[in-house]
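In what follows, structures are represented as structure tokens.
Shared chain: chain A. Partners: chain B in the first complex, chain C in the second.
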Partner chain A sequence: MATQTIDTGHEDLIHDVAYDFYGKRLATCSSDQRIKVWEYNVKTNIWETVDTWKAHDCSILKVTWAHPEFGQVLASCSFDRSVRIWEEQENEPRNSGRRFVLRARIQDSLKYIQDIEFAPNVLGLKLAACAADGIVRIYEFIEVNDLESYTCIEEFEINPGNLTKEVEGHSCISWCPSRFNTAMMVIGCGKEAKIFRQDGQNKWQAYEVLPGHEDTVHDVSWAPTMGRLVSYQLIATASKDQHVRIYKITSDRIRYHAELLCSFRDHNVEVWRVEWNVTGTILSSSGDDGKVRLWKASHNGEWKCMSVLSYDRQSESSEI
Partner chain B sequence: MTEPSNYWLFRPATPTPSSPLQSSTSVGGPSNTSPYSTFGFTSHSTRNQGLEAKRDLVKVKVNNPLSALSASPDQTRVVVGGHQVLKTYRVSEKGVREEANLKYKQYIHKQSISDVKWGNQYSKSKIAAASNNGYIQLWDVGGGKGKLDRTIDEQGRAINKICFNPMQGILMLCAFQDGLIQMWDLRDRVRPKITFNGRANSARDVQFHPSNSNEFIAAFDNGMIQKWDIRKPNNYERRLFAHASSALTVDWHPDGNKVASGGVDKIIKIWDINSDDNKPTEFIPCISAVARVQWRPNQVDEIASCSFNKDNRIFVWNIKRPYIASYFFDEHEDIPTGILWHDSHVLWSCSRDKTFIQQDIRTNSHRQIDLLNKCGIGWNVYDELAFAIDKPAADLNQIRRSPSASDSGIVEPEIRSQQKTGVSFMTMFDYESFKYLAENYMISTDDILNTCQHNAKIAWEAQKFRTSQTWKIVQLLFSNDTLDEEEKIITNSDNKQVSKCITENFYKHVDLPKEKVLDGMQENEDSLSESEESDEFVTDENREKENVPATQQPPPPNLIKMTSKLVQQTLKSAVRPIWNHESSMNSLLEYYAEQGDVQMCVTLVLVLDERLNVDKDTVERWIFSYIELLHRFQLWIPASAIISSCKIPSVREKNQESTTIYTTCNNCFKPIINSHNGFWICDKCQKLLNPCSICHRIVKGLYSWCQGCGHGGHLAHMQEWFQKKSECPTGCGHYCA
Partner chain C sequence: MYGIEQDTLGVAFNPTPTNIVTYYLARKYPKEQVEEEENEQPNGKIYINPLNSIESWQKSLYNDVHSLFIQTQKIASNELATNVGDAFQNSSLRSTLYQITRDYSSILEDHTKNLRKQDYDIKQIMEIFSTWEICRILFFSPRRKSTDLASDLVCWVNTFLPPSELTFEEEQQLETISQPQNEPLFRDRLINLVLRGDIRAKELLACCLTGDENDLSDRAIHSVLQTLNNKPQAKDYEEDQLNLQDKELQSLLDVILDIMRGSETAILDNCFSWAESLGCLLLHRLPTADYTELCIVLNKCLEGKSLKDEGDFQKAIIKFLFQEIDQGLILCLNVDLWLSAHLSDVFSKFAKIGTIPHPKTSSGVPFKDWLFAFRESCILDYGELLAGHSTLWSIAFDYFKYCPKYGIDYIQQLIVKIPMDTETKIHKILDICKRYDLREESKTICKIVARKFLREKRYTPSLFYFAKANDKIQIRLIAHQFLNNVIDTGELKFEKVIESLPLQEIADTSLNFLSQYCEFHHLLQERSFETAKNLLMNLIKSQASPKYFWPVLLLNTLPLLRQEGEKSKSVFTREDIFEILCILEEITSFHENNQEFEKSMRCIMKWHTRDNGYDEIDDKLKIVRLRLAHDSAKAFTAKRNPTSNDLL
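So, the complex of A and B:
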């Protein structure tokens, strides 16, 4: 496991990194209110910026790429309570600060937006955003050529009638990436993570609860089902209670069942992020301990820590 | 005196210890020894840093929105003003008690107070209240109950701000909406002493220097801030083009050298007022327009700010970390309009939500950094992991806790981010071999045996030795012939040595005792490709040499797991095998699916097709996943090949998407609709579309045209023409050749 460090030039904390669909570009967003898009230069073996621009008026918490069939589109959300949609202008020179233009500035929330994610591309260009007060909004961009016109097609409270205060609530969201299921999301809010689906009236409703969380759920991630048999799906959660949890979701065509497959306390501090790789076979988690841990299922289906990437050494200590 | 209806007192469940020092200082008289003892900065807090008692959160509700507040010089009382309200409160550790309700019917009724200030020294019992409709009222609150001292009528000129001289309290500055700044000597009841004209539009804020009573600074609507000396009333001493739009607020740092300004352009800027530099030394970008700023006492680099619109929060920034607020208060339900530090920890504020709030930064504030995650991870399709990770929290805690802060339990925020960012390359996924396989696998054929043979060879060339073996075994399973004939097929193939080796391998492994096989399995329970990485590359020349060590390697357990039982049975029975493909194939597919190797699954499914009994949904899912993977790798040709050779309708449809090309008439620009004329003639203008310039007929087939003038026609005709001429055949005058 080789590691190459990037001197990002961000002036404060980086809160998210995101690869594009093809894995060739990297977007970073930071508290310094800037987004940077990077490309790897194969000749010089260094990461070069495509552009850097001031994207928000406060810390940018998440950045995510839309599927390339919709163009080079980025969405970002921030502590300034807005979600913004950016599109690349190929004709603008690199590093001009103008290469990504603001297409939409969505300022519906009264609290800051904690997480955003584009829906699987088969559902069209849709973006789910969840705010600190526990309200989830789903936006649809009907005309891909006209990202300025969007509609909020859905707005629902995660815990109906129980809006959380900004500083107490924490919500996170992840779409079910499978194109074969009905549209589903796993949403973490406060100390609970639940699976949401549309009911008969096309209203988003909470269904199964992922049991066992003892403190705020910081992140949820629905594993891609690439290849895996239809019989089950995986969801990972990161929690303030220092645990990484993996849930197995099984379906009997009528209901889904969420079962805690395993939980790990290796980080021993707050865990902030969980993220699956593209094939859904390796889970990465990171927390306040300055380490990224990688988890993989062994032959007998038991999940184990495969390797650790640590702040100090930046080198692997493979344990498998 | 207390009105229960508008009296709120909130106490936390756990009583906070009160220090004897605090009580003595808060009751003590005005502190005038220190030059910093102005505008809410009290000298006593310097001595008692970290020892001040924590104050309870107190909310006092009034009947109307508040717009300004000011504290008495001894910090025991506060005056709040707003729409038809002007009240003083006595604030102590016990709570807040209303003292005087200052009403003066004639003026108060229809006016809204824009600013209130409590005087000092000479004017220590005076309160000045300015209104939007041009009155300044001076109240005397010396005797507890307020008494109107005088009213200054400014003939309807709206007043934005007032300010008392911190040294003597005799001089009072008023900033007017029309851009003038007046200075009153309170001893003169008739007319202002000096009028300063900043020659800018509205004066938004004005403030005396904290220790030099001759200097003041003013903020204007055109974004300028000006420094004046009252001894030179004709012109300003210095001006700074501070903000892109209105400058709304200024605040001198207690050291007298720095000035903070805030404006509609959402930036707090810090200026060194004594240097000639026209650039701010620091700046803090805020979420919304900045209405008020105030330096935090005893914290050299910290400043509080509140918003002009939209935001109900009061932020406390460290100018060394401009992007993440050190603290914020979220108690108000509407925009805060006035903020005031009672001491270095306790903040008083009033708001449009009709409340005055006392809050303690140690108990009532939130740290923005606590709400933010300090790490990010992202995967790409090549199994590269991008990360941004922060220094471990345990280390940070040791650094963060400065000795003074540890007493009060406050963890000082880290000034700089110490994150590391990078990309980690996993060795688990081998893109090159994936690509090689994707491009070279045979996927559609009638001859299964040869296809397996071919694919095994391809896999071997891609150094996927185990995958190669799998293909061999599949070949074996699906050969309807005896083992002998099977052997023959293999030896006939071009890479016979390899095949032989594999077959040998195969039998050897079969002969191994079962326990050994299981051991091997546990040892090698990592992913397939990982162990393959360790295998050395086998070139055509040295393959034969490699055979020997290859056979000595531990058995590839995964294959054995799936087939050993079957083969053993077969060998034991020593009769012609009745291959039960289904179960072993299913477990084989299941294994690869579990490994995330959809490439193998899809290729197997496409090659073996009906011979497999796999759930249709599963197959569809695999194929879609594989296509997505190929798309992610930008391997369009293999992806298209998969789509074309797949028999599932929903997959095949993918190649039928977006195949329509819309055309418009090149004459009238109306869209061409396929009518009885086909696409050759425009229905609207009844003309041929792009006819040949020479024969004037429809061009079906190759159309050649000049990029310069755009005329063209049949390739043959154009060739003929340009052999002789160089001009365009239409006569447009362009020399095409």
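So, the complex of A and C:
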């Protein structure tokens, strides 16, 4: 399969790349403090820039799209401690630098924001942000037509009692995408990854710990539920301990159980990212070895590496 | 290498069924936190890698076979639902299913021919076609004669691994040779044709004739030609021995006769591949081979041959020949998604009527259970591939439909991911939601579409889809936007939007209010004051509009109130006036110092001017109060005068 290359023109390294709901748009963010939005032109088979703008005052660490039922809305977070909400203005010309307007500038954290993710659309327009001080905040935008109005509806510590300590380098977040479950998220923090959900008083609490991590959890990803709804769900983690892990989450109606389903050390170096495909049947992982590994469960449920994509730093090319 | 740098590799999955993987050099930590290395060249490149793609020939094939797949499911489900275990019905179903496998073959054959005509690379379709055919021969075909299996397999070998044809130069070279039996090119060609049972062998061998009837060599050649002609059984010429002076010719004829006799050594020595060996052994040695003998022969063909370098296609064929259906199907996954999906589907149908062998599976799961699960997994993968395609996406949902375990989950998950480029596509997507009773998905889709139209300021479709999504909040917000516009301009710019909406179908309070408000203005224009008054009073009493709009409604009473010096009949009853006064009192007192009310009044006062044909107003709407009082007074006077027929 032919690999397509986009030269983003960012003036510094990229921190994050996020597809929109339909996979037709890409948002990239970089240490150059800019966000770029790209759109795939079916006729020309080219990714074209929609706009580029200076979005923050420091490195932009993450960028994420809201569900399209809320419009063309982007959120970004930065080392400048803010989370910003951007909305596309279709009457503004492309590449004018004005196409995405700042709707909200949220700066509640004392430390920088490490990860953000919009909640599944069934929960409304909500955004979770986890900061380097180990505090997760959930913001709600009640009026979709007025994104300037938001409320911080929740604020909780990932590791209660550990607030003063910088969270051993990294925290990451991923919502449970299922609309059938109660609102849940998996949060990686330091050497742990835990499932959080609301208790009887609607307060977010850590419940199950995903076992086995021996070093910092760099990334977490909750798989789309698909046909496993009744029986189980899947969560993947990427860790500094060089492992990609897949956890099986089961429920006996009273509580959830997290079981390590499989653990792979194929990267043999730090693994930084994990992400599921749309059906939760293929997991991608990438790390310091410059390789993307794709994991797929065979028909008998056994997870195996189905493919390896290599990035050659020297020649700046890639190959399968 | 990456670990010691500030960067690593980042990855993102395109969240659609296209399964596109995107990767890029990603910074690990915020630049502000780490010491930056000097002269580092940023690499802002992103690599986008689709895991699967559909070529144009595949698109056409997938379209053509889709109806056949549906037909198979319908036939199988109808027949099996009523006649499981009935031998006669099973036999009938088997022949129907077999006919379907032949129809699949015909489509594959047509596509192969077309591709060949267009000088397309046919490797992949040939692999698909040949795998399909070997399964049809081995497992689906109802065999009538003992020679059917071998002859079908020989035919399969000759079709899919035909003897290599000579180049134009080689053909010319052969034509100019005086003693061809001495030429390796001639010998190889002749032996190959004999091995394959190709009629052209006779023509080629005849080239060695000198034309001398008494020549021993010619007589020997004639004898061999006769043998090739008659194709007698091996034993019939077991004793034939030649003793020619021309040793080259002697050895050539010996090899030919050995092959004709079915000599295993002669055949295996002269074949290039295991498949060719198999075909030739079946042709010359075991023309009535059954499955057991087939396995023995196949083992001989594979002896000493390493399959390590063979592709999954060849390995799958071998597994099928050994009747290891499960292993063959697993290998087909790597050959082609279409093949694995459709082949496992057909296998599962035959398995239901018990006409295929039930091998032990490597996982220990009973074969039938394994096969049904495998079929579903393959069809889901194939469907996912289709769902990501711009024109084949709708077919995908027909495949998911026939996946009893997870099909509906795939439909739910993927239907919302289909990009809605056109109105037709939106309708098609919503139809699919309706077909599978996907209410939540339908709502989500409608909300997405409605939001898109709203961004484009296309209010009619936006409201229509918000209504379909039952999103009353959004409808109310848009309605408020319209009302605000009236407050700002005094104009009914939304009139056409409301008129073009199917309000009875939508049945929304906000929209009904707007519709009635438009109707009120129509009636006013038509001077149907009585009806207009009734409608306005309904609108006021219903309190369906937000309070900030009440001043407008109150001002709308002015044209209906008698003007100074006018003698016309008042349309308002005493109760009406009382109602209006109450509301007037309520909003002016309740909203005193209320920013929203004040804002409304400020806006209204801008256009409700004498210049625009209205009465001048103040922020307390005194004019309405005065007119009401005046109207009441007039009515009171009229009441005292019995000749008046005034309402009040």
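Definition applied: the second predicted complex is superposed on the first by the 305 of 320 C-alpha atoms of A that agree within 3 Å, B and C clash if a C-alpha of one lies under 4 Å from a C-alpha of the other, contacts with A are read in each partner's own complex, and residues count from 1 in each chain.
In the analysis below, a contact is a pair of C-beta atoms (placed from the backbone, for glycine too) under 8 Å apart; a residue touches a chain by one contact, two chains touch by 3 or more.
Given the structure is predicted, the values throughout are model-derived calculations rather than measurements.
Bringing the complexes onto one copy of chain A puts chain B in a clash with chain C. Residue contacts after overlaying the shared chain place A:D57 against chain B, while chain C stays out of touching range.
When the shared chain is aligned, chain C comes close enough to touch A:V42, but chain B does not.
Once the two complexes are overlaid on the shared chain, A:N145 sits against chain C while remaining clear of chain B.
When the shared chain is aligned, no partner comes close enough to touch A:C305: not chain B, not chain C. By the touch criterion defined above, A:G71 lies against chain C but remains apart from chain B after alignment on the C-alpha atoms of chain A. In the superposition on chain A, A:D16 makes contact with both chain B and chain C. In the three-chain superposition model, chain A touches both chain B and chain C at residues 1-8, 10-19, 21-24, 26, 28, 30-32, 47, 58-59, 61, 79, 179, 224-227, 229, 269-270, 272-273, 275-279, 281-282, 284-292, 294, 299-300, 309, 311, 316, 320.
On the chain C side of its complex with chain A, the touching residues are 1-3, 6-28, 30-33, 42-53, 330, 363, 365, 373-374, 377-378, 380-381, 384, 390, 405-406, 409-410, 413-414, 417, 419, 440, 444, 447-448, 451-452, 455-456, 474, 477. Chain B contributes residues 266, 285-288, 321, 323-324, 330, 366, 368-369, 371-394, 416-417, 419-428, 521-522, 525-527, 590, 592-598, 601, 615, 617-618, 620-622, 624-626, 628-629, 631-634 to its touches with chain A in the complex. Those residues of chain A lying in contact with chain B across their complex are 1-8, 10-24, 26, 28, 30-33, 47, 57-59, 61, 79-81, 165-167, 170, 178-180, 218-219, 224-230, 269-270, 272-273, 275-282, 284-292, 294, 296-300, 309, 311-312, 314, 316, 320. Partner chain C is touched in their complex by these residues of chain A: 1-19, 21-24, 26, 28, 30-32, 42, 47, 58-59, 61, 67-72, 79, 88, 90, 112, 121-122, 143-145, 179, 224-227, 229, 269-270, 272-279, 281-282, 284-292, 294, 299-300, 307, 309, 311, 313, 316, 318, 320.
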